[in-house]
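Notes follow once the structure below has been shown.
The first chain written gets the first letter, and so on, giving A, B and C; residue counts start at 1 in each chain.
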Amino acid sequence: MDNLKAVVEALIFVSEIPLSLNKMMEIIGDAEKEEITGIISDLVRDYNERDGGIFLIEVAGGYQFRTKEICAPWIRQLKATRPKALSQAALETIAVIAYRQPVMKSEIEKVRGVDVSGILKGLMEKNLVRIVGRKDVPGRPIIYGTTKKFLEVFGLKDLSDLPTFKELEG
Amino acid sequence: MDNLKAVVEALIFVSEIPLSLNKMMEIIGDAEKEEITGIISDLVRDYNERDGGIFLIEVAGGYQFRTKEICAPWIRQLKATRPKALSQAALETIAVIAYRQPVMKSEIEKVRGVDVSGILKGLMEKNLVRIVGRKDVPGRPIIYGTTKKFLEVFGLKDLSDLPTFKELEG
Amino acid sequence: MSYKFRLDIFEGPLDLLLYLIKKNEIDIYNIPIAIITEQYLEYIEAMKSLNLNLAGEYLVLAATLIHIKSRMLLPVHDEDEIEDEEDPREELVRQLLEYKTFKEAALNLDKMTLLGRDIFNREFSDEDEDEEAERPVREIGIFELVEAFRKMVAQSAATELMEIDVEKISLSERINEIIDELNEKKTLTFTDLVGELHNKMRLIYTFLAILELMKLRIIKAYQTVSYGTIRIRLAVEN
(Lines give C-alpha, C1' and ligand atoms only; values in the text may rest on other atoms or scores of the structure.)
Protein backbone atom coordinates (compact mmCIF):
# COMPACT_ATOMS: atom_id res chain seq x y z
CA MET A 1 0.00 0.00 0.00
CA ASP A 2 1.36 3.34 -1.07
CA ASN A 3 0.05 5.54 1.68
CA LEU A 4 0.58 3.11 4.53
CA LYS A 5 2.66 5.54 6.55
CA ALA A 6 0.14 8.35 6.15
CA VAL A 7 -2.73 6.03 7.07
CA VAL A 8 -1.00 4.72 10.19
CA GLU A 9 -0.21 8.26 11.29
CA ALA A 10 -3.78 9.44 10.66
CA LEU A 11 -5.29 6.46 12.50
CA ILE A 12 -3.15 7.02 15.58
CA PHE A 13 -3.91 10.73 15.40
CA VAL A 14 -7.71 10.46 15.39
CA SER A 15 -8.00 7.68 17.92
CA GLU A 16 -9.35 8.74 21.28
CA ILE A 17 -7.44 5.98 23.06
CA PRO A 18 -3.96 4.55 22.38
CA LEU A 19 -4.34 2.57 19.17
CA SER A 20 -3.21 -1.05 19.33
CA LEU A 21 -1.22 -2.83 16.67
CA ASN A 22 -3.96 -5.42 16.33
CA LYS A 23 -6.57 -2.79 15.65
CA MET A 24 -4.38 -1.24 12.99
CA MET A 25 -3.81 -4.58 11.31
CA GLU A 26 -7.51 -5.30 11.40
CA ILE A 27 -8.27 -2.00 9.69
CA ILE A 28 -5.46 -1.95 7.17
CA GLY A 29 -5.94 -5.58 6.28
CA ASP A 30 -3.26 -6.28 3.73
CA ALA A 31 -0.19 -5.17 5.69
CA GLU A 32 2.22 -7.39 7.59
CA LYS A 33 2.77 -6.78 11.25
CA GLU A 34 6.46 -6.06 10.65
CA GLU A 35 5.56 -3.51 8.01
CA ILE A 36 3.40 -1.58 10.45
CA THR A 37 5.85 -1.75 13.34
CA GLY A 38 8.54 -0.55 10.94
CA ILE A 39 6.42 2.41 9.98
CA ILE A 40 5.68 3.23 13.59
CA SER A 41 9.43 3.23 14.33
CA ASP A 42 9.91 5.60 11.42
CA LEU A 43 7.18 7.88 12.75
CA VAL A 44 8.64 7.88 16.25
CA ARG A 45 12.00 8.86 14.77
CA ASP A 46 10.44 11.51 12.48
CA TYR A 47 8.76 13.25 15.39
CA ASN A 48 11.86 13.05 17.59
CA GLU A 49 13.99 14.57 14.85
CA ARG A 50 11.48 17.31 14.17
CA ASP A 51 11.73 18.32 17.80
CA GLY A 52 8.26 19.89 17.77
CA GLY A 53 5.55 20.01 20.39
CA ILE A 54 4.25 16.47 19.94
CA PHE A 55 5.76 12.98 19.91
CA LEU A 56 4.62 9.43 19.34
CA ILE A 57 4.73 7.05 22.30
CA GLU A 58 3.89 3.40 22.93
CA VAL A 59 1.56 3.36 25.89
CA ALA A 60 -1.15 1.17 27.42
CA GLY A 61 -0.90 -1.46 24.72
CA GLY A 62 -1.07 0.99 21.87
CA TYR A 63 0.34 4.09 20.25
CA GLN A 64 -0.60 7.66 20.89
CA PHE A 65 0.54 11.17 20.05
CA ARG A 66 1.22 13.27 23.10
CA THR A 67 2.41 16.76 23.76
CA LYS A 68 5.89 17.32 25.19
CA GLU A 69 6.27 18.02 28.86
CA ILE A 70 7.94 21.38 28.28
CA CYS A 71 4.65 22.59 26.77
CA ALA A 72 2.62 21.59 29.82
CA PRO A 73 2.32 25.02 31.50
CA TRP A 74 0.73 26.56 28.42
CA ILE A 75 -1.54 23.59 27.84
CA ARG A 76 -2.79 23.81 31.40
CA GLN A 77 -3.60 27.43 30.81
CA LEU A 78 -5.52 26.59 27.64
CA LYS A 79 -7.54 23.93 29.44
CA ALA A 80 -8.30 26.19 32.38
CA THR A 81 -9.75 28.86 30.13
CA ARG A 82 -11.61 26.42 27.94
CA PRO A 83 -15.30 27.24 28.05
CA LYS A 84 -17.28 24.56 29.73
CA ALA A 85 -20.59 23.28 28.50
CA LEU A 86 -23.56 23.34 30.82
CA SER A 87 -24.72 19.92 31.95
CA GLN A 88 -28.06 18.65 30.72
CA ALA A 89 -29.49 19.05 34.22
CA ALA A 90 -28.30 22.65 34.37
CA LEU A 91 -29.68 23.32 30.91
CA GLU A 92 -33.08 21.92 31.86
CA THR A 93 -33.18 23.89 35.08
CA ILE A 94 -32.27 27.13 33.40
CA ALA A 95 -34.85 26.42 30.72
CA VAL A 96 -37.59 26.21 33.34
CA ILE A 97 -36.39 29.39 34.98
CA ALA A 98 -36.12 31.25 31.69
CA TYR A 99 -39.62 30.39 30.54
CA ARG A 100 -41.43 30.46 33.85
CA GLN A 101 -39.77 33.31 35.72
CA PRO A 102 -40.26 34.60 38.31
CA VAL A 103 -40.35 31.08 39.66
CA MET A 104 -39.97 29.29 43.00
CA LYS A 105 -37.63 26.38 43.55
CA SER A 106 -40.59 24.13 44.29
CA GLU A 107 -42.07 24.94 40.89
CA ILE A 108 -38.83 24.05 39.12
CA GLU A 109 -38.70 20.80 41.04
CA LYS A 110 -42.26 20.00 40.11
CA VAL A 111 -41.37 20.24 36.43
CA ARG A 112 -38.01 18.49 36.61
CA GLY A 113 -39.13 15.91 39.15
CA VAL A 114 -35.89 16.10 41.13
CA ASP A 115 -34.26 18.24 43.77
CA VAL A 116 -32.53 21.19 42.11
CA SER A 117 -30.77 22.81 45.10
CA GLY A 118 -27.25 21.97 43.96
CA ILE A 119 -27.85 22.93 40.35
CA LEU A 120 -29.52 26.16 41.35
CA LYS A 121 -26.51 27.05 43.48
CA GLY A 122 -24.20 26.28 40.58
CA LEU A 123 -26.23 28.42 38.20
CA MET A 124 -26.13 31.31 40.65
CA GLU A 125 -22.36 30.92 41.04
CA LYS A 126 -22.05 31.09 37.26
CA ASN A 127 -24.19 34.21 37.43
CA LEU A 128 -26.81 32.80 35.06
CA VAL A 129 -29.62 32.81 37.63
CA ARG A 130 -30.38 35.19 40.46
CA ILE A 131 -32.79 35.68 43.30
CA VAL A 132 -35.30 38.29 42.27
CA GLY A 133 -37.30 38.44 45.48
CA ARG A 134 -39.50 36.64 47.96
CA LYS A 135 -43.13 35.75 47.91
CA ASP A 136 -45.59 36.79 50.57
CA VAL A 137 -46.86 33.33 51.37
CA PRO A 138 -46.01 31.12 54.34
CA GLY A 139 -42.32 30.28 54.32
CA ARG A 140 -41.64 33.39 52.24
CA PRO A 141 -40.13 31.35 49.43
CA ILE A 142 -37.38 32.78 47.28
CA ILE A 143 -38.18 33.40 43.64
CA TYR A 144 -35.65 33.09 40.88
CA GLY A 145 -35.08 34.70 37.51
CA THR A 146 -32.40 34.88 34.83
CA THR A 147 -29.57 37.40 34.66
CA LYS A 148 -28.03 39.66 32.04
CA LYS A 149 -25.23 37.12 31.79
CA PHE A 150 -27.84 34.54 30.80
CA LEU A 151 -28.84 36.69 27.86
CA GLU A 152 -25.19 37.03 26.87
CA VAL A 153 -24.42 33.33 27.03
CA PHE A 154 -27.45 32.47 24.94
CA GLY A 155 -26.92 35.35 22.58
CA LEU A 156 -30.25 37.05 23.27
CA LYS A 157 -30.98 40.76 23.15
CA ASP A 158 -33.73 40.41 25.73
CA LEU A 159 -36.08 37.75 27.06
CA SER A 160 -38.64 38.36 24.36
CA ASP A 161 -36.04 36.99 21.94
CA LEU A 162 -36.59 33.56 23.48
CA PRO A 163 -38.30 31.40 20.89
CA THR A 164 -41.54 29.67 21.74
CA PHE A 165 -42.29 26.05 20.94
CA LYS A 166 -44.83 27.03 18.38
CA GLU A 167 -42.34 29.10 16.45
CA LEU A 168 -39.97 26.18 16.15
CA GLU A 169 -42.68 23.75 15.18
CA GLY A 170 -43.69 26.18 12.47
CA MET B 1 10.88 32.19 23.97
CA ASP B 2 12.93 29.17 22.98
CA ASN B 3 10.22 26.61 22.50
CA LEU B 4 7.65 28.84 20.87
CA LYS B 5 7.22 26.60 17.85
CA ALA B 6 6.78 23.51 20.00
CA VAL B 7 4.29 25.30 22.25
CA VAL B 8 2.20 26.57 19.34
CA GLU B 9 2.10 23.09 17.83
CA ALA B 10 1.17 21.48 21.14
CA LEU B 11 -1.57 24.02 21.83
CA ILE B 12 -3.20 23.51 18.45
CA PHE B 13 -2.90 19.77 18.94
CA VAL B 14 -4.69 19.67 22.31
CA SER B 15 -7.41 22.17 21.49
CA GLU B 16 -10.79 20.60 20.83
CA ILE B 17 -11.89 23.47 18.65
CA PRO B 18 -9.87 25.36 16.04
CA LEU B 19 -7.50 27.47 18.11
CA SER B 20 -7.62 31.17 17.38
CA LEU B 21 -4.61 33.42 17.09
CA ASN B 22 -5.98 35.59 19.88
CA LYS B 23 -6.25 32.67 22.24
CA MET B 24 -2.67 31.68 21.48
CA MET B 25 -1.44 35.20 22.11
CA GLU B 26 -3.39 35.35 25.34
CA ILE B 27 -1.80 32.12 26.57
CA ILE B 28 1.73 32.66 25.34
CA GLY B 29 1.78 36.24 26.50
CA ASP B 30 5.18 37.50 25.49
CA ALA B 31 5.05 36.74 21.77
CA GLU B 32 4.24 39.15 18.96
CA LYS B 33 1.38 38.34 16.62
CA GLU B 34 3.76 38.25 13.65
CA GLU B 35 5.99 35.80 15.46
CA ILE B 36 3.10 33.37 15.97
CA THR B 37 1.70 33.70 12.46
CA GLY B 38 5.22 33.11 11.15
CA ILE B 39 5.49 29.94 13.19
CA ILE B 40 2.10 28.75 12.00
CA SER B 41 3.17 29.25 8.38
CA ASP B 42 6.30 27.21 9.15
CA LEU B 43 4.19 24.46 10.69
CA VAL B 44 1.80 24.38 7.73
CA ARG B 45 4.80 24.03 5.42
CA ASP B 46 6.49 21.41 7.62
CA TYR B 47 3.42 19.18 7.53
CA ASN B 48 2.91 19.65 3.81
CA GLU B 49 6.53 18.74 3.11
CA ARG B 50 6.43 15.72 5.40
CA ASP B 51 3.57 14.42 3.31
CA GLY B 52 2.19 12.36 6.19
CA GLY B 53 -1.35 11.62 7.28
CA ILE B 54 -2.14 14.95 8.89
CA PHE B 55 -2.03 18.60 7.95
CA LEU B 56 -2.61 21.97 9.55
CA ILE B 57 -5.57 23.99 8.33
CA GLU B 58 -6.92 27.49 9.04
CA VAL B 59 -10.61 27.06 9.67
CA ALA B 60 -13.51 28.75 11.52
CA GLY B 61 -11.33 31.52 12.88
CA GLY B 62 -8.56 29.25 14.13
CA TYR B 63 -6.11 26.49 13.36
CA GLN B 64 -6.61 22.74 13.58
CA PHE B 65 -4.81 19.56 12.65
CA ARG B 66 -6.83 17.27 10.40
CA THR B 67 -6.27 14.00 8.63
CA LYS B 68 -5.75 13.91 4.90
CA GLU B 69 -8.57 12.95 2.62
CA ILE B 70 -6.75 9.89 1.25
CA CYS B 71 -6.86 8.35 4.72
CA ALA B 72 -10.65 8.66 5.05
CA PRO B 73 -11.65 5.07 4.21
CA TRP B 74 -9.50 3.63 7.00
CA ILE B 75 -10.54 6.23 9.54
CA ARG B 76 -14.18 5.54 8.82
CA GLN B 77 -13.45 1.91 9.55
CA LEU B 78 -11.79 2.82 12.83
CA LYS B 79 -14.76 4.94 13.80
CA ALA B 80 -17.12 2.33 12.42
CA THR B 81 -19.28 5.03 10.90
CA ARG B 82 -20.74 5.53 7.52
CA PRO B 83 -19.74 8.73 5.83
CA LYS B 84 -21.98 11.38 7.30
CA ALA B 85 -23.68 12.75 4.25
CA LEU B 86 -26.22 15.52 4.44
CA SER B 87 -29.42 14.92 2.51
CA GLN B 88 -30.16 16.96 -0.60
CA ALA B 89 -32.92 18.77 1.30
CA ALA B 90 -30.55 19.60 4.15
CA LEU B 91 -27.89 20.83 1.73
CA GLU B 92 -30.35 23.05 -0.13
CA THR B 93 -31.65 24.48 3.13
CA ILE B 94 -28.21 25.17 4.50
CA ALA B 95 -27.18 26.73 1.19
CA VAL B 96 -30.05 29.22 1.44
CA ILE B 97 -29.19 29.99 5.06
CA ALA B 98 -25.47 30.30 4.39
CA TYR B 99 -25.83 32.70 1.47
CA ARG B 100 -28.83 34.67 2.66
CA GLN B 101 -28.28 34.92 6.40
CA PRO B 102 -29.74 36.20 8.58
CA VAL B 103 -32.83 34.67 7.05
CA MET B 104 -36.39 33.93 8.12
CA LYS B 105 -37.92 30.49 7.78
CA SER B 106 -40.53 31.87 5.40
CA GLU B 107 -37.78 33.12 3.08
CA ILE B 108 -36.13 29.70 2.98
CA GLU B 109 -39.49 28.13 2.23
CA LYS B 110 -40.15 30.58 -0.54
CA VAL B 111 -36.90 29.66 -2.23
CA ARG B 112 -37.24 25.91 -1.78
CA GLY B 113 -40.98 25.79 -2.32
CA VAL B 114 -41.52 23.38 0.57
CA ASP B 115 -41.98 23.43 4.32
CA VAL B 116 -38.58 23.32 6.03
CA SER B 117 -39.54 22.96 9.72
CA GLY B 118 -38.25 19.43 10.12
CA ILE B 119 -35.05 20.02 8.19
CA LEU B 120 -34.36 23.24 10.08
CA LYS B 121 -34.75 21.41 13.36
CA GLY B 122 -32.37 18.70 12.20
CA LEU B 123 -29.78 21.27 11.18
CA MET B 124 -30.09 22.97 14.56
CA GLU B 125 -29.69 19.62 16.31
CA LYS B 126 -26.52 19.05 14.29
CA ASN B 127 -25.45 22.52 15.38
CA LEU B 128 -24.91 23.67 11.81
CA VAL B 129 -27.63 26.31 12.03
CA ARG B 130 -28.70 28.50 14.91
CA ILE B 131 -31.26 31.12 15.82
CA VAL B 132 -29.49 34.45 15.58
CA GLY B 133 -32.32 36.66 16.79
CA ARG B 134 -35.55 38.17 15.66
CA LYS B 135 -36.26 40.44 12.78
CA ASP B 136 -37.45 43.91 13.63
CA VAL B 137 -40.69 43.70 11.69
CA PRO B 138 -44.25 43.07 12.90
CA GLY B 139 -44.52 39.62 14.48
CA ARG B 140 -40.79 39.69 15.15
CA PRO B 141 -40.08 36.45 13.27
CA ILE B 142 -37.08 34.33 14.24
CA ILE B 143 -34.07 34.65 11.97
CA TYR B 144 -31.52 31.94 11.33
CA GLY B 145 -27.83 31.82 10.49
CA THR B 146 -24.98 29.35 10.26
CA THR B 147 -22.75 28.37 13.19
CA LYS B 148 -19.03 28.06 13.81
CA LYS B 149 -19.54 24.34 13.50
CA PHE B 150 -20.80 24.93 9.96
CA LEU B 151 -17.50 26.63 9.13
CA GLU B 152 -15.61 23.77 10.77
CA VAL B 153 -17.48 21.07 8.91
CA PHE B 154 -17.22 22.77 5.54
CA GLY B 155 -13.61 23.79 6.13
CA LEU B 156 -14.19 27.54 5.78
CA LYS B 157 -12.06 30.24 7.37
CA ASP B 158 -15.11 32.47 7.62
CA LEU B 159 -18.32 33.15 5.71
CA SER B 160 -16.55 35.16 3.04
CA ASP B 161 -14.71 31.94 2.27
CA LEU B 162 -17.94 30.42 0.87
CA PRO B 163 -17.68 29.64 -2.83
CA THR B 164 -18.96 32.71 -4.65
CA PHE B 165 -22.23 32.57 -6.47
CA LYS B 166 -22.85 35.84 -8.15
CA GLU B 167 -26.53 35.09 -8.54
CA LEU B 168 -26.94 34.49 -4.83
CA GLU B 169 -25.92 37.87 -3.62
CA GLY B 170 -28.81 39.93 -2.48
CA MET C 1 -44.66 4.56 -16.48
CA SER C 2 -41.04 5.09 -15.70
CA TYR C 3 -41.56 8.24 -13.69
CA LYS C 4 -43.25 6.32 -10.93
CA PHE C 5 -39.86 5.46 -9.57
CA ARG C 6 -38.63 9.00 -9.55
CA LEU C 7 -41.39 10.62 -7.53
CA ASP C 8 -39.85 10.52 -4.11
CA ILE C 9 -36.57 11.95 -5.25
CA PHE C 10 -37.97 15.40 -5.89
CA GLU C 11 -37.20 17.96 -3.24
CA GLY C 12 -40.46 19.76 -3.87
CA PRO C 13 -42.70 21.17 -6.58
CA LEU C 14 -40.00 23.50 -7.93
CA ASP C 15 -37.61 20.59 -8.21
CA LEU C 16 -40.19 18.59 -10.13
CA LEU C 17 -40.83 21.52 -12.44
CA LEU C 18 -37.11 21.97 -13.08
CA TYR C 19 -36.87 18.29 -13.91
CA LEU C 20 -39.70 18.55 -16.43
CA ILE C 21 -38.08 21.58 -18.05
CA LYS C 22 -34.78 19.76 -18.34
CA LYS C 23 -36.39 16.58 -19.58
CA ASN C 24 -38.26 18.42 -22.34
CA GLU C 25 -35.23 20.55 -23.18
CA ILE C 26 -37.26 23.66 -22.75
CA ASP C 27 -35.99 27.22 -22.53
CA ILE C 28 -36.65 28.26 -18.95
CA TYR C 29 -37.38 31.83 -20.09
CA ASN C 30 -40.04 30.66 -22.47
CA ILE C 31 -41.87 27.81 -20.83
CA PRO C 32 -44.72 26.31 -22.88
CA ILE C 33 -47.10 26.44 -19.96
CA ALA C 34 -49.78 24.19 -21.42
CA ILE C 35 -47.44 21.25 -21.99
CA ILE C 36 -45.62 21.64 -18.71
CA THR C 37 -48.85 21.99 -16.74
CA GLU C 38 -50.19 18.84 -18.30
CA GLN C 39 -47.07 16.85 -17.47
CA TYR C 40 -46.90 18.29 -13.99
CA LEU C 41 -50.49 17.24 -13.32
CA GLU C 42 -49.72 13.75 -14.59
CA TYR C 43 -47.00 13.42 -12.01
CA ILE C 44 -49.29 14.66 -9.29
CA GLU C 45 -51.94 12.12 -10.31
CA ALA C 46 -49.32 9.37 -10.27
CA MET C 47 -48.24 10.41 -6.80
CA LYS C 48 -51.82 10.31 -5.63
CA SER C 49 -52.50 6.92 -7.13
CA LEU C 50 -49.40 5.55 -5.44
CA ASN C 51 -50.66 6.93 -2.17
CA LEU C 52 -47.47 8.87 -1.77
CA ASN C 53 -47.62 11.49 0.86
CA LEU C 54 -48.34 14.41 -1.37
CA ALA C 55 -47.24 17.64 0.24
CA GLY C 56 -49.71 20.47 -0.09
CA GLU C 57 -47.08 22.56 -1.84
CA TYR C 58 -47.38 20.38 -4.95
CA LEU C 59 -51.03 21.28 -5.23
CA VAL C 60 -50.34 24.96 -4.70
CA LEU C 61 -47.96 24.99 -7.63
CA ALA C 62 -50.44 23.02 -9.71
CA ALA C 63 -53.00 25.75 -9.06
CA THR C 64 -50.44 28.41 -9.96
CA LEU C 65 -49.65 26.66 -13.23
CA ILE C 66 -53.30 26.37 -14.15
CA HIS C 67 -53.81 30.02 -13.31
CA ILE C 68 -50.89 31.08 -15.49
CA LYS C 69 -52.16 28.88 -18.29
CA SER C 70 -55.58 30.51 -18.21
CA ARG C 71 -54.05 33.96 -18.21
CA MET C 72 -51.91 33.08 -21.22
CA LEU C 73 -55.03 31.97 -23.07
CA LEU C 74 -56.79 35.30 -22.63
CA PRO C 75 -57.04 37.07 -25.95
CA VAL C 76 -55.02 40.23 -26.18
CA HIS C 77 -57.20 42.94 -27.70
CA ASP C 78 -54.77 45.69 -28.12
CA GLU C 79 -51.32 45.09 -29.58
CA ASP C 80 -49.83 47.84 -27.42
CA GLU C 81 -50.94 46.12 -24.27
CA ILE C 82 -48.41 43.37 -24.78
CA GLU C 83 -45.59 45.79 -24.14
CA ASP C 84 -46.92 46.94 -20.79
CA GLU C 85 -48.38 43.75 -19.52
CA GLU C 86 -46.19 41.53 -17.44
CA ASP C 87 -45.68 38.00 -18.69
CA PRO C 88 -47.79 35.79 -16.36
CA ARG C 89 -44.84 33.41 -16.19
CA GLU C 90 -42.38 36.01 -14.97
CA GLU C 91 -42.69 35.39 -11.23
CA LEU C 92 -42.51 31.63 -11.68
CA VAL C 93 -39.41 31.90 -13.86
CA ARG C 94 -37.73 34.11 -11.29
CA GLN C 95 -38.55 31.58 -8.57
CA LEU C 96 -37.28 28.67 -10.67
CA LEU C 97 -34.02 30.41 -11.46
CA GLU C 98 -33.45 31.25 -7.83
CA TYR C 99 -34.14 27.71 -6.75
CA LYS C 100 -31.89 26.37 -9.48
CA THR C 101 -29.02 28.54 -8.28
CA PHE C 102 -29.39 27.30 -4.72
CA LYS C 103 -29.62 23.73 -5.92
CA GLU C 104 -26.28 24.23 -7.61
CA ALA C 105 -24.89 25.89 -4.50
CA ALA C 106 -26.02 22.85 -2.50
CA LEU C 107 -24.25 20.54 -4.93
CA ASN C 108 -21.15 22.69 -4.57
CA LEU C 109 -21.29 22.44 -0.79
CA ASP C 110 -21.55 18.69 -1.06
CA LYS C 111 -18.41 18.57 -3.20
CA MET C 112 -16.37 20.32 -0.55
CA THR C 113 -14.03 18.42 1.75
CA LEU C 114 -16.24 17.78 4.73
CA LEU C 115 -15.12 17.22 8.28
CA GLY C 116 -16.41 13.89 9.53
CA ARG C 117 -16.81 12.54 6.01
CA ASP C 118 -13.58 13.24 4.13
CA ILE C 119 -11.25 14.54 6.76
CA PHE C 120 -11.19 14.14 10.51
CA ASN C 121 -9.93 15.84 13.60
CA ARG C 122 -8.79 14.27 16.84
CA GLU C 123 -11.34 12.64 19.05
CA PHE C 124 -11.43 13.93 22.57
CA SER C 125 -12.61 12.03 25.57
CA ASP C 126 -14.01 13.73 28.65
CA GLU C 127 -11.00 12.48 30.60
CA ASP C 128 -10.34 15.68 32.48
CA GLU C 129 -13.79 16.97 33.28
CA ASP C 130 -12.44 18.84 36.25
CA GLU C 131 -14.95 20.75 38.30
CA GLU C 132 -13.28 24.12 38.15
CA ALA C 133 -16.02 26.62 38.76
CA GLU C 134 -13.85 29.34 37.33
CA ARG C 135 -14.07 28.09 33.80
CA PRO C 136 -16.23 30.29 31.62
CA VAL C 137 -19.51 28.97 30.34
CA ARG C 138 -19.51 27.95 26.72
CA GLU C 139 -21.86 29.88 24.51
CA ILE C 140 -24.98 27.84 23.91
CA GLY C 141 -27.42 27.90 21.09
CA ILE C 142 -30.84 29.01 22.23
CA PHE C 143 -32.27 26.01 20.37
CA GLU C 144 -30.66 23.69 22.93
CA LEU C 145 -32.47 25.54 25.68
CA VAL C 146 -35.85 25.30 24.00
CA GLU C 147 -35.28 21.63 23.22
CA ALA C 148 -34.31 20.90 26.82
CA PHE C 149 -37.50 22.53 27.99
CA ARG C 150 -39.65 20.87 25.38
CA LYS C 151 -38.36 17.40 26.26
CA MET C 152 -38.94 18.01 29.92
CA VAL C 153 -42.44 19.24 29.36
CA ALA C 154 -43.18 16.24 27.18
CA GLN C 155 -42.22 13.98 30.08
CA SER C 156 -44.01 15.84 32.82
CA ALA C 157 -47.76 16.00 33.16
CA ALA C 158 -47.71 19.75 33.52
CA THR C 159 -49.40 20.52 30.25
CA GLU C 160 -50.10 24.10 31.13
CA LEU C 161 -46.38 24.65 30.64
CA MET C 162 -46.89 24.36 26.95
CA GLU C 163 -48.72 27.63 26.83
CA ILE C 164 -45.69 29.71 26.23
CA ASP C 165 -45.91 32.59 23.91
CA VAL C 166 -43.95 35.69 23.22
CA GLU C 167 -46.32 37.78 25.35
CA LYS C 168 -45.70 35.67 28.39
CA ILE C 169 -41.95 35.94 27.99
CA SER C 170 -42.12 39.70 27.53
CA LEU C 171 -44.17 39.81 30.68
CA SER C 172 -41.43 37.96 32.57
CA GLU C 173 -39.00 40.56 31.39
CA ARG C 174 -41.12 43.44 32.66
CA ILE C 175 -41.71 41.63 35.95
CA ASN C 176 -37.96 41.31 36.50
CA GLU C 177 -37.45 44.96 35.73
CA ILE C 178 -40.10 46.04 38.19
CA ILE C 179 -38.69 43.85 40.96
CA ASP C 180 -35.24 45.29 40.29
CA GLU C 181 -36.56 48.81 40.57
CA LEU C 182 -38.37 47.97 43.79
CA ASN C 183 -35.25 46.39 45.26
CA GLU C 184 -33.51 49.65 44.63
CA LYS C 185 -36.16 52.21 45.52
CA LYS C 186 -38.33 50.27 47.98
CA THR C 187 -41.58 51.89 46.88
CA LEU C 188 -42.81 53.04 43.53
CA THR C 189 -45.94 54.77 42.42
CA PHE C 190 -48.04 53.56 39.60
CA THR C 191 -47.07 56.62 37.63
CA ASP C 192 -43.36 56.01 38.32
CA LEU C 193 -43.74 52.82 36.37
CA VAL C 194 -46.09 53.80 33.60
CA GLY C 195 -45.66 57.57 33.48
CA GLU C 196 -43.03 58.08 30.82
CA LEU C 197 -43.97 55.10 28.79
CA HIS C 198 -44.96 56.03 25.31
CA ASN C 199 -44.82 52.53 23.94
CA LYS C 200 -48.31 51.08 24.13
CA MET C 201 -47.17 47.45 24.38
CA ARG C 202 -44.81 48.34 27.17
CA LEU C 203 -47.60 50.09 29.01
CA ILE C 204 -49.78 47.01 28.74
CA TYR C 205 -46.96 44.73 29.87
CA THR C 206 -46.25 46.98 32.83
CA PHE C 207 -49.88 46.84 33.89
CA LEU C 208 -50.05 43.06 33.42
CA ALA C 209 -46.75 42.62 35.27
CA ILE C 210 -48.08 44.53 38.28
CA LEU C 211 -51.26 42.44 38.33
CA GLU C 212 -49.24 39.23 38.02
CA LEU C 213 -46.85 40.25 40.79
CA MET C 214 -49.78 41.02 43.06
CA LYS C 215 -51.42 37.73 42.26
CA LEU C 216 -48.13 35.93 42.97
CA ARG C 217 -47.96 37.89 46.25
CA ILE C 218 -44.55 39.22 45.42
CA ILE C 219 -45.60 42.84 45.61
CA LYS C 220 -48.26 44.75 47.47
CA ALA C 221 -50.11 47.78 46.28
CA TYR C 222 -51.56 50.27 48.69
CA GLN C 223 -52.88 53.79 48.92
CA THR C 224 -53.13 56.07 51.91
CA VAL C 225 -56.38 57.70 50.89
CA SER C 226 -59.10 56.55 48.54
CA TYR C 227 -58.39 57.67 45.01
CA GLY C 228 -54.94 58.69 46.24
CA THR C 229 -51.64 57.68 44.71
CA ILE C 230 -51.24 53.96 44.35
CA ARG C 231 -47.90 52.81 45.69
CA ILE C 232 -46.36 49.42 45.30
CA ARG C 233 -43.63 47.74 47.30
CA LEU C 234 -42.18 44.28 47.68
CA ALA C 235 -44.44 42.10 49.79
CA VAL C 236 -41.42 40.67 51.55
CA GLU C 237 -38.24 42.65 52.08
CA ASN C 238 -35.13 40.76 51.09
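Throughout what follows, a contact is a pair of C-beta atoms (placed from the backbone, for glycine too) under 8 Å apart; a residue touches a chain by one contact, two chains touch by 3 or more.
All figures in this text were calculated on a predicted structure; none of them were measured in a lab.
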{"item": "Most distant chain from chain A by Cα centroid", "value": "C"}
{"item": "Middle chain, criterion being Cα centroid separation", "value": "B"}
{"item": "Distance between chain centroids, defined by C-alpha means - chain B, chain C (Å)", "value": "24"}
{"item": "Chain centre separation in whole Å, for chain B relative to chain A (CA means)", "value": "18"}
{"item": "Length of the line joining the C-alpha centres of chain A and chain C, rounded to whole Å", "value": "30"}
{"item": "Residues of chain B whose C-beta touches two or more other chains", "value": "13, 16, 65, 67-68, 75, 79, 115, 131, 140"}
{"item": "Per-residue overlap in chain C, given as positions that touch at least 2 other chains", "value": "120-122, 124, 141-143, 166"}
{"item": "Complex contacts: residues of chain A adjacent to chain C", "value": "10, 13-17, 79-86, 88, 91-92, 94-96, 98-102, 110-113, 122, 125-126, 128, 131-137, 140, 143, 145-146, 153-156, 158-166, 168"}
{"item": "Residues of chain B defined as touching chain C within the complex", "value": "13, 16, 64-69, 72, 75, 79, 83-86, 88-89, 91-92, 94-96, 98-99, 110-115, 124-125, 127, 130-131, 140, 147, 152-155, 163, 165, 167-168"}
{"item": "Residues of chain C touching chain A in the complex", "value": "120-125, 128, 132-146, 148-153, 155-156, 158, 161-162, 164-166, 169-170, 172-173, 175-176, 179-180, 182-183, 216-218, 220, 234-238"}
{"item": "In the complex, chain C residues that touch chain B", "value": "11-15, 55, 57, 61, 95, 97-99, 101-110, 112-122, 124, 141-143, 147, 166"}
{"item": "Touch list for chain B against partner chain A, complex", "value": "3, 5-11, 13-16, 19, 23, 26-28, 43, 46, 50-54, 65, 67-68, 70-71, 74-75, 77-79, 105, 115-117, 120-121, 131-134, 140-142"}
